[in-house]
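Next come two complexes, and both contain chain A; in the first it sits with chain B, in the second with chain C.
== the complex of A and B ==
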């Protein structure tokens, strides 16, 4: 219980910081909406649905990347990450709390982005929405760990996409597959497996990312 | 409480701390002095567990929950208030009667009136006072303070003097300073790094 209360306290802190500073969510929202508008005009009239679904995932992955790049910014200022690392709680709670907060940000963005996609292109099926939710877990688990690794570097803006995008490819494959395939269950299962494997790996390795 | 044998730290080819032997008993008060770049901060970061030695052995007889650390950075969230910062750390350190303890520290360090303001609006000295509150919040058995008088005004420095005098003999203190005379009466041992 104490582990979960640490996670809750850390996630609540991130939500409070975002509500106060408002420097990540508005940027993510503007980015995803403007990207969808650009794609709406860029995609030729009569283009098939598969192409549109692919563009949705491009928009979502890059929007997530924008949020992940800012994820550890409050900890960089004032050295707060060292304060958390010194605390006696399990260090993986820091990663889990941050991942939970990033998940909430991403879900809030998608609450606007998915209806906007339906407006510009075509409505999403339930399987596609489930695919987005499952992919969010993977994006947050892997992205938060990689963002923590990149945060320690001076070239963090460069390193994060280089590390994150290759690992996001399976999520895009699973997400697009769950949207357009005749057998979306296979792709949803694939996304679930990705989430489970990478969440365990990230949970176990965070300690080493924040330790010298 | 702290025992080091030939402990050293290198970053690549650069030596940040020369091999050092050190022994500090429980309840001791060690004052570390030395020129800039002599390794004072590195030594404190090693003791706090924020860095790992590249040579020698270092035993610290306090776990993370029993260690209070004040470094060059305040380790605070700039967009949270003083109370929110201390409440977060109080939860993570499982501080009993957290609110009372936070209130007492803020009152003592003259931050009660600004407790609901964001840390980003604080002066450097006020931030340092709050960082001290954070380091003391869980009543650590080992207190590691890196130049704690930095940015404190006369009143703040006197508050810290009184706090250290209260802690002397009960908690173990490891402190670096460029003004060793200030804590000389409390010191049980001294270390000058070259």
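== the complex of A and C ==
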């Protein structure tokens, strides 16, 4: 139980920080809405609705990147990561707490972005929404770990998209498949598989990313 | 500190012997592929690139796997030498991955008339892997040398081997909604001599990769030792 309460405390800390500073969420929200408007002009008349469904995933992945780039900023700026690493708790709890907080951010953004997409372009199927949820898990799990790697490097925000995008390609495949395919079940299953594989891998390896 | 001295480990085969052996095998492979194996009935001479493209691709996978294995050893047991070995294996894998993309592209041009086709799953997978492992170098060289860099590189290398099957599955799944496959490249019905030539080519390319791996490792270790000596002298 203490592991889970550590995780909850860490996630709560991130949410509270965001509630007070309000610097990441509004930026992500504005970004995703602007992107949707850009898509309107990027899709000429005659481009079918399916193309828009695919572009939605581009918007979601890039918005997530924007949030992930800031994910470890509070710890880095406050020099708090060393303290967290030295705290008497399992180090993977740091990753899980951060992933949970990023997940909440992303879900909040999508609460606005998906209805906006439906309004601007075409309505979404229930399977597509489920696909977004499943993909969120993968994005947060992998993205949080990669962001911690990027935070250790000199180039930081510059390198995160390079690390993240190749790993996000399977998520985009699963997500787009669940939105446009006539048989979305397979894609949802694939997203679940991705989440399981990479969540376990991140959970097991996070310790090495933050410790010397 | 200097556990990674080039002379401290006894290797089974010396590098010059390895180089000579791989050169001889590559020669034999070329002879077998071009003069002994019969020409493919459909594709003609352009099919010959198969004898090099596929072994290069398999070797790239082997290098990535080897790099991940060394990374796992590093995380499991610790030890500086695994970091360097993992890095060198991935470096070789990336070189062979780039060669796979180049030879695949030439083959695509010869048999389908385009330099790039999204229909070939293997080629798309290599593009993804190439991007992924290129980022490995960006990451590695933007972190200060030390245990942190070794750990981060090792974790990233492990992600690579998880990404290979997952991406492969994803690309297969994506075929359904991107477009139906118009070309299939499966089942090159190989005769006995073709298969033999293929195996020799595969062995030759793998040996070349291993030789290059050893050579690069020696160079990198010498480099590290030299730097260490220089630090001692200036200190």
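As a convention for this text, the second predicted complex is superposed on the first by the 212 of 212 C-alpha atoms of A that agree within 3 Å, B and C clash if a C-alpha of one lies under 4 Å from a C-alpha of the other, contacts with A are read in each partner's own complex, and residues count from 1 in each chain.
The working rule: a contact is a pair of C-beta atoms (placed from the backbone, for glycine too) under 8 Å apart; a residue touches a chain by one contact, two chains touch by 3 or more.
Everything numeric here is computed off the predicted structure, so don't read it as measured data.
Colleague: Just to be sure I read the superposition right, which of the two partners does A:212 touch: chain B = first, chain C = second, or both, or neither?
Modeller: Both chain B and chain C are touched by A:212.
Colleague: Just checking: does A:47 make contact with chain B only, chain C only, both, or neither of them? Give me first, second, both or neither.
Modeller: After superposition on chain A, A:47 lies in contact with neither partner.
Colleague: After the superposition on A, what does A:21 contact: first (chain B), second (chain C), both or neither?
Modeller: So A:21 only meets chain B here.
Colleague: Report for A:84: first if it touches chain B alone, second if chain C alone, otherwise both or neither.
Modeller: After superposition on chain A, A:84 lies in contact with chain B alone.
Colleague: Going by the contact rule set out at the top, does A:174 touch chain B (first), chain C (second), both, or neither?
Modeller: In the superposition, A:174 touches chain C alone.
Colleague: Between chain B (first) and chain C (second), which, if any, makes contact with A:118: first, second, both or neither?
Modeller: neither
Colleague: Does chain A have more residues touched by chain B or by chain C?
Modeller: C
Colleague: Determine, under the contact definition given at the top, whether A:58 touches first (chain B), second (chain C), both, or neither.
Modeller: neither
Colleague: Which of the two partners, first being chain B and second being chain C, lies in contact with A:5: first, second, both, or neither?
Modeller: first
Colleague: Check whether A:186 is in contact with chain B, with chain C, with both or with neither, and answer first, second, both or neither.
Modeller: Second partner only.
Colleague: List the residues of chain A that touch chain B in one complex and chain C in the other.
Modeller: The overlap between the chain B and chain C interfaces on chain A comprises residues 211-212.
Colleague: Okay, in this complex, where on chain A does chain C touch?
Modeller: Listed in rising order, the residues of chain A that touch chain C are 145, 149-150, 152-155, 159, 162-163, 165-167, 169-170, 173-174, 176-177, 180-181, 183, 186-187, 190, 193-194, 197-198, 201, 205, 208-209, 211-212.
Colleague: For chain C, which residues count as touching chain A in their complex?
Modeller: Interface residues on chain C, with respect to chain A: 75, 128-129, 131-132, 134-135, 138-139, 142-144, 146-148, 151-152, 154-156, 158-159, 162-163, 166-167, 169-171, 173-174, 176-177.
Colleague: Under the touch definition given earlier, write down the residues of chain B that touch chain A in their complex.
Modeller: 48-52, 63-65, 67, 69, 71-80, 84, 88-89, 91-94, 118-119, 134
Colleague: Which residues of chain A touch chain B once you look at their complex with the stated criterion?
Modeller: The touching residues are 2, 5-6, 9-10, 13, 16-17, 20-21, 74, 77-80, 82-89, 211-212.
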